[in-house]
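To start, the structure under review is shown below, and the notes come after it.
Chain lettering (A, B, C and D) follows the sequence in which the chains are written, and residue indices restart at 1 in each chain.
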């Protein structure tokens, strides 16, 4: 009922504020026996970490994760996995001046109205720094999926402002993505994007864009109609990421411009497996994964914090002018890639487990199970 | 964990198959004292009902709702409200031929793989007929919102295929929407859309499009970060509707083409109320409603059932040709409008109640409450 | 969040009032492929039905169940199973005189305070008639358990007032229980109990007692520490039944009188299976089923409705005298047996499914699964 | 779905193993504005702490709590409150010898069967040390209840082995309870209990008993029928505590020995408030708090770890003899008192918030709310 948990079977509970002592997460429901160590999680946190390149904020955080429970002798035990990351470079004083002002595009006003109290230190719980928890939990989900199904989840920057990459979703590799600071697998577009981001930064402005993602090795059958469809839970997870404004799967908004005869993906038989010859559906049919790659895109607005002067009001309703100092990303897209991937992995891990509830009763009737008590 | 419930506080559990005896829903969590009768629900069901115009399927269903619990002397009691609608014009035999074929774009294949069994009668639980339950439950939510806050939720057809209406979201009225069979408030565009739908039908083809929606009178403070943000739950609800492929709120995907200095909505003081001078955010900031109108759009793919011949495979993997007969909509958009509205109302009602959990503790500290036991 | 749902994986949502049009329930999460028809459910409802014997209320209800979804060709489909029973012999007028009085021991006062409105017709939603839903849903759970594990759940009347049966829990059979109207497998005690109940009835009084229950064939491993322990969820389910005041498992309150050296059940090896030589634990260790029979007891208070004159107050606070007419059971114990069994089956079915979440990851590591997408 | 969360609105997620680095808990859903600091939590942890007296284990743990999020300037913010306690005196090596043996009465066998892996270090997650989390979270709930309603929750040791205190539940004060190491408010009985516990310890044996609890200042209306009745959720919470075997409320099992005419609590008018002249109901009617004090009891089995020699089997099924060394409590009752109180407070806080969902719609219709957006 409160909002800091995600998932039902693979259940994540996140906590922490941007400039509090730490950010953390508890993963409950991870099955026992999964090999897991801190390096698995650190690898993903390093991709989200601030200060990776000149394109990101200068806040210096090593973001070292500690696993505090749920792992024994290098394997998960089936019990809650608690992880946390200390905030080292918190500078709460940077924000004192902002405690009486509603920053445009930020949650200052809505948090204050909702809770009657607001932690102004870097936005407190409304800061994108809370996604440290998402990425840490997502690393566990990613490991589970990789181990069971060989699942690979690859995100990339598809567009920055009005610059689009020329990309075939199913072919993108992580290597191509990590090859440049923008995380766009089209190197030529990546260069233009980087230039634009630097220019926006220099001008005290910011830019948004679109992250694309393709998940290979998704088992058939994930998703729980009529409400917990796979694409529904994916959409929720993506719109829960800070600064997102849209989600589309497969053909998305563009698909609505086609005729049905153009849009339907024909089924075919590929070596005994039922597949489709195209993938406008994006890997789901009727809310359930089809075995084709999941392909989706997420829109991010331009960073709300900008150096340019803006008009706004303060908490007493007076009109004021604001020009941000502090440390921030002129474009969140490069660091958003691992966050999008993490959220996708969390949704998939949850649905993998939920699908198991149909258990032996799935395609195979309801036979007696081994280990029964009678 | 199973997928037929939506919401936490205003909780909906849906049941029923397209060609089974009935479709129904249980609404648990509606507060007591709300005036409610069957006419409130019937009004919305009539807008979703098949056979309203020449643009929809010819299946003849009166869709008369019965309320079977939770209402006493014309008011809700605080207990579960059970509602059901009989299926009258079910023709299960129409579908016998299809029980061995995977229809392209439909859930036949994924349902069969997931559950090991499939009800081929009109798609069973994968049919859009299940949205009778969504609309019935949504009518209760709509009444609650209207009564408490004067909330008005207005959806419309924004686009069909490549034909877009010229529409200002905040100004659309239900009267304009209901003025034509397409439910597009731009009458000139509506006419061209109707023509296109008739043409697609004549050619055995289908078209998709985009539904827009604007909710007025949303109280400030709804949404539960960090995961159950208002736009996240809206996105989920919309992607849970049959045939949807995308969701965007406020500036959406187009907003990602702007600079931050262009995108941020400046705050201003309007007669003592904090408002924004523009609404690119679409009514939410940081996952919480800002008091500005909620504005969002939902993409629908073209109807998967088409009369044109299509290639597919049957359950034994053989290649076959399919040409649908049966009864279906060449374009679901006009009937999708009340479904989108219903889902939005369900999400909002849930968040109105969840916000109450902060209770007296919200903006006003934690005072003693009246009626305490000590 | 509202209170009419039970279970997470095998999820039950109940609805209906004592003198409304019907009582119903939706079971969501039952795996597909389970053989199920109305007779399976009716059999259990017939054991709960009023008017079975002279010991029960004279309200005449056939309690015929209808299954309205989720079953196709005699097997569950994996989708919600909606069931309902019409109320035929409702006599709402019998209760008009009571609408202004708080009946001692009943929920009239608390319902009115909680909801601000009360349905006085037989107690509305506070009536034990709502357990029709529990028994109907429990019948599905029972079938699932029987089919998968050969589970047998046998309840009985252990005590009425101060008359106790001489009973060995593990040896009771359903045949012995159903052999008399009291449902006490000790025939001599049953006779004295029946006599006492008739006497209480004649005197306008009522009696309570204790129901015992033993479940054979419970697979090892059910229960989810640290909060959703098997005995915790059983305790909850039992205290959710109308008129219950206590729950104990295994040695229960009496076990607290022993020394540890007397109480511990020694482990032993029985043909390669680890078992205990005694069962003071009652079938659970650390919140998880051990493979030994589950043995527990539930205390029921004497029926609150009595013919004798009682002092109480009315809704305006005036002191009044009350002497019930209407129809009621002088002792709920005999009809409580199938309700206790049903609730136990619901808890077990939920935990059977939840245990599956550990899946292939349980005792056997996390291997690749068949049917994976890669 | 996994089992380490409790509550829906006031939601607790616990983590940690007995001999891992730490034990912790996340409280999500605590309303903002509640004054809270570490001393509030420490006070309760100190009552649960090992080594308080000669009657408890000699494990030396200061159990210092750290609050890591959700509190700002000494008040809760409405965001998750993360708390943790380091394990200082862990001695994992003490348990190496036990890793191949199933200790009678313990969860070694069931954990191993359920998870396929077991952390033998002090029982890992099955240890009662995990209740550090319960007590820490309960301290927050207690503060919320005290602040809003003046609620006082007082538990005590009612019985140890066969020695019962002479106690009137409604009159017990915390001062009387804390006056001796046994936490029995009957000083004479306390002395005999202490003597017995010392004797049991000396003999390498253990004893169980019964904890009683009375909660004053419970507002009327808490509890959500038909399943989430207040006593049902209390029963669950109590049976989730390690070593518990029974729960009863009000008259409990003894009440089942009375006639209805003896058992019903008559209503009366006390200065304009509806009260009952007796409290055999124990503070609940129909699953909802009546405004009378909550009175309940919980049975604890004798500690399973004993020094006396016991027969058991090892993991390969061979018969072995076991005599515990290590550190343990010969009687858990004195330290169980704050745990029982904590769990009661968690259940009540959850139901206080859930009751708010009926909101303005409760006894007062559904009026427009202040701060609405229209």
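Here is the rule we go by: contacts are C-beta pairs under 8 Å (C-beta built on N, C-alpha and C of every residue); 3 or more make two chains touch, one makes a residue touch a chain.
Please read these numbers as outputs of a predicted model, since none were measured by experiment.
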Of all other chains, the one whose Cα centre sits farthest from chain D: B
Of B-C and C-D, whichever chain pair has more C-beta contact pairs: C-D
Rounded Å distance, chain C centre to chain D centre (Cα mean): 25
Centre distance in Å when chain B and chain D are each reduced to the mean of their C-alpha atoms: 44
Computed distance of Cα centres, chain C from chain B, in Å: 37
Set of chain A residues in contact with two or more other chains: 1-5, 8-9, 14, 29, 32-33, 78, 113-116, 125, 220-221, 289, 291, 353-354, 357-358, 361-362, 364-365, 371
Chain B - residues contacting chain D, complex: 1, 8-9, 29, 31-34, 78, 144, 147-151, 216-221, 289, 291, 353-354, 356-362, 364-369, 371-374
Residue ranges of chain C in contact with chain B within the complex: 1-5, 8-9, 11, 13-17, 20-22, 24, 26, 28-29, 32-33, 66, 68-70, 72, 75, 77-82, 84, 113-117, 119, 124-125, 353, 371
Chain D to chain C touching residues, read off their complex: 1-6, 8-9, 14, 102, 104-107, 109-111, 113-116, 125-126, 130, 159, 161-162, 200, 205-210, 220-221, 223-229, 231-240, 242, 244-253, 255-269, 272, 274, 276, 280-282, 284-291, 299-306, 308, 310-313, 317-319, 354-355, 357-358, 361-365
